[in-house]
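We call the chains A, B, C and D, going by the order they appear; numbering starts again at 1 in every chain.
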Amino acid sequence: MKTLITGGTVVNATGTVAADVLIDGEQIVAVLAPGSQLLGSDLTQSVDTVLDAAGKYVIPGGVDAHTHMEMPFGGTFASDTFETGTRAAAHGGTTTIVDFVVQYAGENPLDQYALWHEKAAGNCAIDYGFHQILSDVQDSSLTAMDELIKEGVTSFKLFMAYKGVFLSDDGQIVKAMQKAADTGSMIMMHAENGAVIDVLQQQALARGETTPYYHGTTRPWQTEAEATHRAISYAGMTGAPLYIVHVSAKQAVEEIAAARDRGQNVFAETCPQYLYLSLEEQLGAVSDQWGSFEGAKWVCSTPLRSRAEGHQNHMWQGLRTNDLQVISTDHCPFCMKDQKELGLGNFAKIPNGIGSVEHRLDLIYQGVVLGEISLPRWVELTSTTPARMFGFYGKKGVIQPGADADVVIYDPNAHTTISASTHHMNMDYSAWEGFEIDGGVDTVLSRGRVIVSNGTYTGTKGDGAFIKRGLSQYLV
Amino acid sequence: MKTLITGGTVVNATGTVAADVLIDGEQIVAVLAPGSQLLGSDLTQSVDTVLDAAGKYVIPGGVDAHTHMEMPFGGTFASDTFETGTRAAAHGGTTTIVDFVVQYAGENPLDQYALWHEKAAGNCAIDYGFHQILSDVQDSSLTAMDELIKEGVTSFKLFMAYKGVFLSDDGQIVKAMQKAADTGSMIMMHAENGAVIDVLQQQALARGETTPYYHGTTRPWQTEAEATHRAISYAGMTGAPLYIVHVSAKQAVEEIAAARDRGQNVFAETCPQYLYLSLEEQLGAVSDQWGSFEGAKWVCSTPLRSRAEGHQNHMWQGLRTNDLQVISTDHCPFCMKDQKELGLGNFAKIPNGIGSVEHRLDLIYQGVVLGEISLPRWVELTSTTPARMFGFYGKKGVIQPGADADVVIYDPNAHTTISASTHHMNMDYSAWEGFEIDGGVDTVLSRGRVIVSNGTYTGTKGDGAFIKRGLSQYLV
Amino acid sequence: MKTLITGGTVVNATGTVAADVLIDGEQIVAVLAPGSQLLGSDLTQSVDTVLDAAGKYVIPGGVDAHTHMEMPFGGTFASDTFETGTRAAAHGGTTTIVDFVVQYAGENPLDQYALWHEKAAGNCAIDYGFHQILSDVQDSSLTAMDELIKEGVTSFKLFMAYKGVFLSDDGQIVKAMQKAADTGSMIMMHAENGAVIDVLQQQALARGETTPYYHGTTRPWQTEAEATHRAISYAGMTGAPLYIVHVSAKQAVEEIAAARDRGQNVFAETCPQYLYLSLEEQLGAVSDQWGSFEGAKWVCSTPLRSRAEGHQNHMWQGLRTNDLQVISTDHCPFCMKDQKELGLGNFAKIPNGIGSVEHRLDLIYQGVVLGEISLPRWVELTSTTPARMFGFYGKKGVIQPGADADVVIYDPNAHTTISASTHHMNMDYSAWEGFEIDGGVDTVLSRGRVIVSNGTYTGTKGDGAFIKRGLSQYLV
Amino acid sequence: MKTLITGGTVVNATGTVAADVLIDGEQIVAVLAPGSQLLGSDLTQSVDTVLDAAGKYVIPGGVDAHTHMEMPFGGTFASDTFETGTRAAAHGGTTTIVDFVVQYAGENPLDQYALWHEKAAGNCAIDYGFHQILSDVQDSSLTAMDELIKEGVTSFKLFMAYKGVFLSDDGQIVKAMQKAADTGSMIMMHAENGAVIDVLQQQALARGETTPYYHGTTRPWQTEAEATHRAISYAGMTGAPLYIVHVSAKQAVEEIAAARDRGQNVFAETCPQYLYLSLEEQLGAVSDQWGSFEGAKWVCSTPLRSRAEGHQNHMWQGLRTNDLQVISTDHCPFCMKDQKELGLGNFAKIPNGIGSVEHRLDLIYQGVVLGEISLPRWVELTSTTPARMFGFYGKKGVIQPGADADVVIYDPNAHTTISASTHHMNMDYSAWEGFEIDGGVDTVLSRGRVIVSNGTYTGTKGDGAFIKRGLSQYLV
């Protein structure tokens, strides 16, 4: 099965080039000067399929390095399964996710790892890897890290919040970081000061502040900035590579920038919600249907932050300065009905999460349209760097021979309107309802197969395979 | 004329890949999965030449963005002509230089630009572009900037030192920066505080401090850090993109890092001499032949800095943190005999400059061997980013179809010893005498032609062509 | 002649105390527990005068370390003579000024010093010292520094602006700083980047921007922050103590704070106008009488700054953090009629200066009322530290035995309305018209004599004597 | 009882003055011009005692704001009782201590407060106040804060280390800070990251690193700098005034300086041991008597730090820049015999503490001799600021009428050699054995009584009284 993509503009992380792309089986086998002539032969004649990308961008398929399919949380599950979630991702041009194996306090990391393989195997539309969550780190967790690295799980997420559920104390964190330093693996950190947030929540609830808005006010930027500083301090002591997830506070970016200036291996992602949405507009929203509970749609942690404080613009700046290197979604959808509703009358009981896995490429492409970032930077942030960061660049994240033929043809002349009525995620609302994008996904290939064409899913459940990852390729 | 490079590891800025490279005429036309099979045909059979790169790196030809061939300075000329200098560059794997058109105070920028074309045309072994030096900026200089941008000269070098020769005062600098901001062109800055250096020099000479060592002590790091801060301040006021040349002081790197953290378009290069050499060891050297005048070999500005102060290690760190983006040579060779000797008894009269155009790739590759930087970063610093920074990426700086076939096959198993007795630069000494490199240039192609093979120059004088550059492709 | 001040609260820099103050002749001879009993004797019976300070503050007389009486500038003279200006100062509770001997480029510093003694001698209501302005520093200026220090002039003001008038180039500045470091004397710096301001002024005028408002826009904060950084850099190189005059930009405060954190002897003053007034409200003011030329009343350099940029609040903060140590007035009054009018149609020709010498204590006391600073800090900023900074603490700046009996009884229950119709400065307008102060000067003593009582001047022309100052007592 | 101190140089925080001091009963009643004449009467004739201070300094008695008399710790007690410790303090010119009421986890703060009154009452040679330690903060602790403030205990010490003993978790700390912000009281913080230190200790012991030297290596500067940053972050969130105790790491000083630059009410003390002693020289010491256990003499927390890392010089700098405002001793003596010996074979079991209460004034005066700080700064750091910081300035900390007559006559021509054989603390060794001081205490008065004269204690047990303190007088 041979496919030739002709006439497009290939966008890689360092620039663009007019080039054709030849795919043989599951891999890209050549990138060629446009015209599809090679030593005299017209390649369009020799392939099975020709995809015309004239006037369009040909980009490596998106890599979403932070998703939570069917994640168990607070007695319910994130509403997207591996099946629905990865299919939605495919619609949006994302051809790889790295999902989190969940190990709660008291559970065995390796058992959970096995369980997550069961959940994903045979269900995914696109390729997937795993990070491992380690909660309440024990000696057995440290041993498990060695095992998991052999399995291709080379990144471990720790939490500085959620006592009794996810939290590891600071001594546990240091031990896990020592192991990461020894093995060259990556520590991913949920950097929020849970101890302080718990106090602020109790005090707010005691004052009768129960609506979703107070989810934001009880997790002020200081709780993120402080935890970020602390994690960086431990990474500096131990030598562990550190990746801060879902950064939303500008002061956290400043901590990260300072560490990077010193040459520390400190990295960070932000998410589309922290670029576009805010405490005032979303968490504080009121609707006919839901009243002041409307804001529950956007309850996630770290929370949406105050626009008046200027965080959103600072996130874009961080993306430009490369103090933020990756854009993920932290896709963790819950429906309003039965799920978010659990927190009616108590914001602390609202399942945390927003679903965006389908919209990431579009939403960040809009940043190109708005002049916030350049076209190559779009690809770098959404595909190249996440692949490098988590050790599977070359296979993914780039249009070059030898790479998996995960390719997206993106049309800058298309237009996309986001709505719950048209999205493919298993959610009864959209956090992005009414957002307009000046561009759109045209065609999506996963390892050589066209899985989305003209908005129609053409793949098969179970196409996606597990990716055994190596160590980070982004360390200095 | 078709060439196929097989079996090598292609190194681009974001990573490496095993791939073959097909060249047709002057350009790369395809990058292919290794094995040189394409849709069934064995390409090795269809090309004129097959170059075996097994076990070797295939990299985009080096881009040296800072050279001064036959530069007039202090009554003499830099000892390398465009002919000798570019041939030496070719030997070292550099396939593009960007040289400086010199306009001294009182001269007409456009006349000088025409003169430099005369000097270079028909003499160069490799392709070349021009930056324009603007001294003592006048209104006519601002007009010339518009003209020169149309010519493909999109970067303009100003000086904060050398009163009466190169210096523009701060008001002139601001005016030139305003023009750069309007046109999107790049200001390159020689950031040294000349007014203070002049005082320190006079005072040192008055104290009888006349040897080359005092060239260093009269240009202390403060004079570089201050000027760097000042240039950044003006760039911030005007919105001009700014590129600091030949950074050697760690405090200057800190100023640059702070500006970059704020999102300013501030960039910088360092040079091999600031990574390896020092005030104590080189400027303070004593030899049988030259006595304490030995240090004259390394008189350049900014000066070699004190190893005790830690600048050298900080330059490597800056390269890792991307606070320094480019490595150039500032190639400006003068012979000891008759040239450097002009400063016997008065360091201030020693022609300023070191010759390294031949050794840049080797010297920085040694940084890979030493673990200072990664292999892709080597290519990024010496080829990809200089091409992007100065507006000719795509044509140069990358191995991809459509790019000029400027390709270097680099052998990590070779060994190179640097010496005046073997180098190809027109110098009677080597600043790098005795340096050992664990690697070496194997083959060099310039626009498809092999111009160096096994250490032998196989090209023809005048092969090199002028590159009309666009605006920087590196702006955020 | 013996005076006893009873019943008041003595405020010194570190705190307050209920105490009586006994004056004998020109000096304080005792500070006593309240009640005026000493070893059984009722002191009120033994003195010539008893001043009742019940319910009032007893503070050391104000020290205004920055005034320009009858200063020649742009073909006219500051409108207050030593006679009128010092009398006005006395009304406002200031009992010492340090005025600037003006030496323009081309003049001889020592001649000017002699001339200034002639101007002041026999005319002053209060004691006075001199700083020496050194313009266009020559070798003879450096020699003059030695002479002047012997005379009790231990501080030297340099300018980074006003080319051809006051400006010293950076080499000259460094030489003067070297001399200051050698002698332990203080460099005072007018830190504005004149070269850049000149360009911005010419460009503004060419665009027809001629009103006073553009005085502000052509001296943006960057020109102050940059010059401040540069001066600090030179002070660091040479070891000179440095005092930045009339700081108005928050970014300048940040530069000063950074230097102080490193332990450099860097100090700074701000002035009441930078705490209360702004670009928008004053420089941009429009009146019936003057139209948009109204703003000329507040043309001074550094200029009033944008309130939107937040400088004013940052000045208060700098006073609290001790990154600003002194409040002076930079008193340099010009009348609107005939003087400020010189700049009708060209803001660059408006004589620079604001008159506040009479109102400093009141205006800063209002900061105590507003909660910006504490009561002891008020005394420290306006009296104690200026005296320590410039080498005459002990004689002035403190209520303690041995000190000159320069004492102000300040009534926190009084109320003061500032107006040109009531002020004592020789100005036809007030920069502070309509300002209301919740407090007021009650009684002023200068070396034991009551010179202001109930708003009436009771002194004699020529009471004031020259103060021979020592080196700074504030160095770390 | 009337005393006159004549002929001395009175040193206060802002400067020195030649003045006589008249004491009537327990208070200073007058500070007078030297010569002891007042309105004609020779005061020396009217007083009971004349103390001749010619050639000597007359300073306010020292205030040691951090002592632990007979503190229970690890099953033993600090070896100085209130009786022995305060007498030793008196010998060294310290006339006030503020000691810590110890409340361990599980104990009732108010009960402990009552108990500490029992310990101190009738035993002290000098006046004393109390800070309250709050461990494992409960709601009842918050209530106790209100009670204690009424009692004149306005400062509360929390711990970020010593789990199960002293530690409050971060939520508890925030609650206590909220209460402090509400009441204007001061939080004192032991800023070390206990969770990390616990891990490092366990790992060190597991490696067989058991000697006192490893006490230092397992509490690296990062654990102090991180905790300091965290405490500052919480203080910023809550608005609580914060005072960091026993700062020893330069990076902690940098955190404090940054907070102070922002205008936060953040303060800090250091101790003599962090200025003079080091990890290498003391903790790593080996002796004939004790072998490598010799270092136990200097086991305290925060630990002595590496001289190679430069902390000691940075502490002096911090004292000059006022980023450190107070010098206390953290006096907590333990004998080697039976006490420090508990940690033979396990550094973690060595009772933590050094005894210096007797030597603080001498050791810091030596800093004046060495040129590290000025003479007024010596008084400010050791007396004036601690009194202001903790709310009893005016009563103590200054030579002025109305102040308690706590006065030290200090002789700069004396010489003091420190030794266990001559000191008055109840310790079987001296941490300062062999230190030589170029000055010495001559006479000490406590509330008007001479309690030390010529090295002889002349007071009576129980002279000292409890000081009911107000809120801090040092807040901005």
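Note that contacts are C-beta pairs under 8 Å (C-beta built on N, C-alpha and C of every residue); 3 or more make two chains touch, one makes a residue touch a chain.
Every value quoted in this text rests on a predicted model; they were computed, and no experiment measured them.
Contact with both chain C and chain D is made by no chain of the assembly. Here the spacing of chain A and chain C, counted between their Cα centres, is 58 Å.
Centroids of chain A and chain B (each the mean of its C-alpha atoms) stand 39 Å apart. A separation of 52 Å divides the Cα centre of chain B from that of chain C.
Contact of a single residue of chain B with at least two other chains is seen at no position. Here the chains touching each other pair up as A-B, A-D, B-C, C-D. Chain B contributes residues 169-171, 174-175, 193, 195-196, 198-200, 220, 222, 225-226, 229-230, 233-234, 236-237 to its touches with chain C in the complex. Residues 2, 10, 12-19, 22, 24, 27-34, 38-39, 41, 43, 46-47, 254, 257, 260-263, 317, 320-323, 373-374, 384, 388, 393-394, 397-398, 400-403, 473, 476 of chain D are the ones that touch chain C when the two sit in their complex.
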